[in-house]
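A short write-up of the structure that comes next.
Letters A, B and C mark the chains in the order given here, with residues in each chain numbered from 1 onward.
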Amino acid sequence: MIKSSTLESAPPPAFATQPASPATVVRPARRWLAHPVTVAVVLVLLVALPLVAHDKFVLSVAVTTFITAIAAASLHLIVRTGHVSLGHAAFMGIGAYVSAIATTDFGLAFPVAVCLAFLAPAALALIVGPILLRLTGKYFVLVTLLFGEIVRTVFVNWTDVTGGSNGISGVPAPSAYFSNPVPFYYLALGFAVVIIGIIGRLLASEVGRMIDSLREGEALARCSGVPVLSTKVVIFMLGCGIVGIAGALQAHFVHYIDPTSFALEQSLNLVVINVIGGMYTLIGPIVGTLFVVLLPEFLRGYVELQHVVFGIVLILVMAFFSGGIADAGVLFKRLGLGRGGQQ
Amino acid sequence: MFSPAVLGQVFVDGIGLSAIYILIALGFTLLFGIMRVVNFAHGAFAMLGGYALYYLYGNLGLPYLVAAPAAALIVATVALVLERIVYRFFYQRMFQSMIGLLGLDMAIMYTAVIAWNAEERSVPPSTDALLHLGDLVFPAQKLIIAGIAAVALLLFYLFTHYSRYGLAMRAAAQDVDIAEAQGVNSTALYRLAFFIAIFMAALAGGFYAQTYALSPFVGEPQLMIAFIVVILGGMGSIPGVALGGLLLGFANSFLGTFYGSATSIFVSFGAVILLLIFRPWGLLGAKEA
Amino acid sequence: MIRNPLKAIAIRTLCAVAMSGAVCAAHAQETMKIGVIASLSGGGTAWGLGLERGVQIAIDQLNAAGGLKLAGKTYKLDLIAYDDQYNAAQAKTAADRLVNRDQVSVIFGPVGSPGALGSLPVTEPAKVLQFVDGYAPQILRNQWKGAYVFRVNNSTQEFSGPIVAWLHKYAPNAKKIGMIAPNDATGQSGVPILTNAYKKNGFDVWTDSYERGTKEFTPLLLRMMAQNVDVFDLNANAPGEAGLLVKQARQVGYKGIIIQSGGAGIDELIQIAGPLADGMLKYDVIDETLPRVKPFVAAYHAKYSGVMNGLAPVYYNAANILFEAMRRADSTDTTKIRDQLEKMTGYDAPIFGKVVWTGEQDYGVSHQLLHTFVIKEVTNGKASVKAVITP
């Protein structure tokens, strides 16, 4: 049985427009966005932000952005293997609950709680991964959707442990020092930088090339000696573990967690971020997070309109440049070339 | 608790549930089978069908037998515009269609909120009568829905197997290039399939609105139902829709009555997950190479 | 197929989206901002709108009467509302924005418990006055001792006892209660409290729960009927689901008493259940026929279309209590206002009448508004007051 590349439909179809195959040539936009100088500049700006902005609200939005970026980047790892998970928020919830329970019920220290928040979802990923990751594209999406719903139902019904729908309140800050906005901002920034850095290094390395080969031509990769399923499982574990850390950060930031924060809607959000930003490059989820977090800020007061705009942008991105915003450069180039040849 | 009276009622309720599930899933499977599009916006069209019925039947007071098909016709006709400007970019692109149509779903849903506000309304049923068969009680409205579902299934099957257009659709579903080489106008065919699918969705949405409730958000549960039915039965298979719908309807009725709703959800989802793992093409679907 | 013009449109659309920015309205001098956090999108929108509109009407009336005069200055009130999508993390962000950027000192909402619990860690340390309706006890009983938060409608804790006692008198032969509730925050906190109240009065109780969003209840109703319950209590169900439960219960042959002990507003329920709602009893917070309530109902329908959500009068009432407290404190300092609020027992609020604060025993702080409520009965599609209960 030939398994087709999991993200694209197999035979060249009649109405296909751009078979989205990321070329091995690094596109110009990507190159300058990931350039060390750009990264350095951005980091300096982020570090300096609290000194410039006297508004605590800005810091709060920034922390939320960092947490979302970590979660989106962790999903990106999994997407790079060719599997889009619509249940990622459930793993984030597991991390959040584990960390919250560890600190409130067992009085463990924050660092320990964060480690547990990484290990628990990773362990679950290890158990279900080998089964679920055998499924191709669309089936994997559906299975993860249902799996996420099951996990959420557990959150809601296992009242003794999770507090049910009323959640867990009074989740403490990481420590007395970090209960202030500015130190927490740096903590979140630190986590984001380190984690995204690690993911970036991983994707740029031999392992990253292995992952890309899995996605683009699984049969060929297997013939070349790539251990397909084990690689996918390891990456899946890593992705779920990292999003667990993001969940822990959120728990200790909002000081309250409940099942509604880790439902299908949030999973969808992460997928939307990856898709709009760009599924084939780490810049994608970063750009996507910015877009998804900042747009509502511009359209505050027009909540319904926000969602309508999101929807339309999703359609436009998926229809015309499935490489997402990060690949918008390609689009401009194509427009410049005129009508030729993209049918 | 497992008395004959209760079991009888469970059976009868199961039929009522299955009927609506089947109607909702029919259009969904058609779109997948022919155009390989995973219509994440299917529920949104059902919702629009509900609002159309609300205005034609609830407000204007047209007779039910006129209002119901008219409402579905209106929605399907308006949807043809969307076919031109959105759907045609996603034909045969399964993965892109999932996410892109998700965007369409969001856009339609929230436009509906802007147009009609979020409050839940209801559409009066065509009849309030309750049928009594011995100990069993059954709203007559559900019988009407069950009847229409059965007729729709039959018509679908006859259409796709015995009419020229139906055969052309099946040809296009199997291999669109060869079908075009044989002279099938795939563009027109897709439009026809789309129209039929949305018509069914809007009709189902009208029934849903009468039986349950109407708000811009009622499309979501209908979409989930369509998904599960179609996965159970097999994407693209019409007998599969009947089987999946009946299975899900009876399972929900039985499990919910005897074991409560949490069990019902766990079992349904668990069964679907197992099916996806071991037999993803569904019970009656075609194994994909 | 012409693709390029479409792509051009696509690019331009995206650019327009990227360039559109919020235009900040210039505010007039001496404006006081009043914050509102409410679920303005998603399933909880009806409640959120009810909250926002109730406060807005109170503000409009105050502004029309010349504004709020405090410490020699006159303030025109301006309502700023943010959507929390009935979600704790979003409520926190909304609270952050209101407290740190918009610098409000008063917030109405969020609706329900998750939002309230998510926003408290922001508002309490900042000493921002907050008025909520969520039933969770932790809203008042928490690490800040509920210092600046007030619950402005009865929660299950307050009304369950009196309702059960009334029911006992109304239906002395009833022995078994069946309750079906959603397994969301309201359901999970309300059902145990009601169960206790029923048991204390000698009733047998059977309960079951469902996932929020379920619309088909016949299996659960069959399950309940097999228990031979005499009274079906809809407790914490939202109007949409309550209406469906009533309708489907009657459709499946349930013949006993139906009562809803909880939830505000009855119109939406009647609309959904239709003629099958006849004979049911329901808790409600206002009696629209009372002369004191009519002006508000008229003002609401003059300004807004559609069914009035039960939270609107609740928050209109709360807003007026706040304004009076501010006048008495003659200051914008929230601690002084809070102290005045606590002393306002006996003030005649527009909807609920005399203010009574309770809660010391249950929560450690008396910030729970205890108000008279009514039991309505539906006859021929209309609700009429059957009993008035003052706890």
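Methods note: contacts are C-beta pairs under 8 Å (C-beta built on N, C-alpha and C of every residue); 3 or more make two chains touch, one makes a residue touch a chain.
What you see is a predicted model, and the numbers here were worked out from it, not measured in a lab.
J.: Looking at A-B and B-C, which one has the bigger number of contacting C-beta pairs?
T.: Here the pair linked by more C-beta pairs in contact is A-B.
J.: Greatest Cα-centroid separation from subunit B: which chain?
T.: Most distant chain from subunit B: C.
J.: Calculate how many whole Å lie between the centre of subunit B and the centre of subunit C, each centre taken as the average of the chain's C-alpha atoms.
T.: 35
J.: Could you work out how far the Cα centre of subunit A sits from that of subunit B, in whole Å?
T.: Measuring from centre to centre gives 32 Å for this pair.
J.: Mind pulling the residue numbers of subunit A that touch at least two other chains?
T.: 17, 153, 157, 304, 307, 312-313, 319-320
J.: For subunit B, jot down the residues that touch at least 2 other chains.
T.: In subunit B, the residues touching two or more other chains are 110, 113, 262, 265.
J.: Mind pulling the residue numbers of subunit C that touch at least two other chains?
T.: 41, 183, 211
J.: Note which residues of subunit B are touching subunit A in the complex, please.
T.: 36, 38, 86, 88-111, 113-114, 176-177, 180, 186, 227, 231, 262, 265-266, 269-270, 272-273, 276-277, 280, 289
J.: Would you tell me which residues of subunit A are touching subunit B in their complex?
T.: Subunit A reaches subunit B through residues 1-2, 7-9, 13-17, 20, 84, 131-132, 134-139, 141-143, 146-147, 149-150, 153, 157, 268, 271-272, 275, 304-305, 307-308, 310-315, 317-320, 322.
J.: Across the complex, what residues on subunit B touch subunit C?
T.: 1, 6, 9-10, 13, 16-17, 110, 113, 117-122, 124, 128, 130, 137, 139, 212-213, 215, 217-218, 220-221, 252-258, 260-262, 264-265
J.: Help me check something: in the complex, which residues belonging to subunit C touch subunit A?
T.: Touching subunit A: residues 1, 3-4, 6-8, 10-11, 13-14, 17, 20-22, 40-41, 81-83, 86-89, 92-93, 96-97, 99-101, 113-114, 117-118, 120-121, 136, 138, 142-143, 183-185, 187-189, 211 of subunit C.
J.: Going by the contact rule set out above, which residues of subunit A touch subunit C in the complex?
T.: 17, 55-58, 60-61, 64, 153, 156-157, 159, 164-167, 169-170, 250, 254-258, 260-261, 295, 297-301, 303-304, 307, 309, 312-313, 316, 319-320, 331-332, 334-335, 338-339, 342-343
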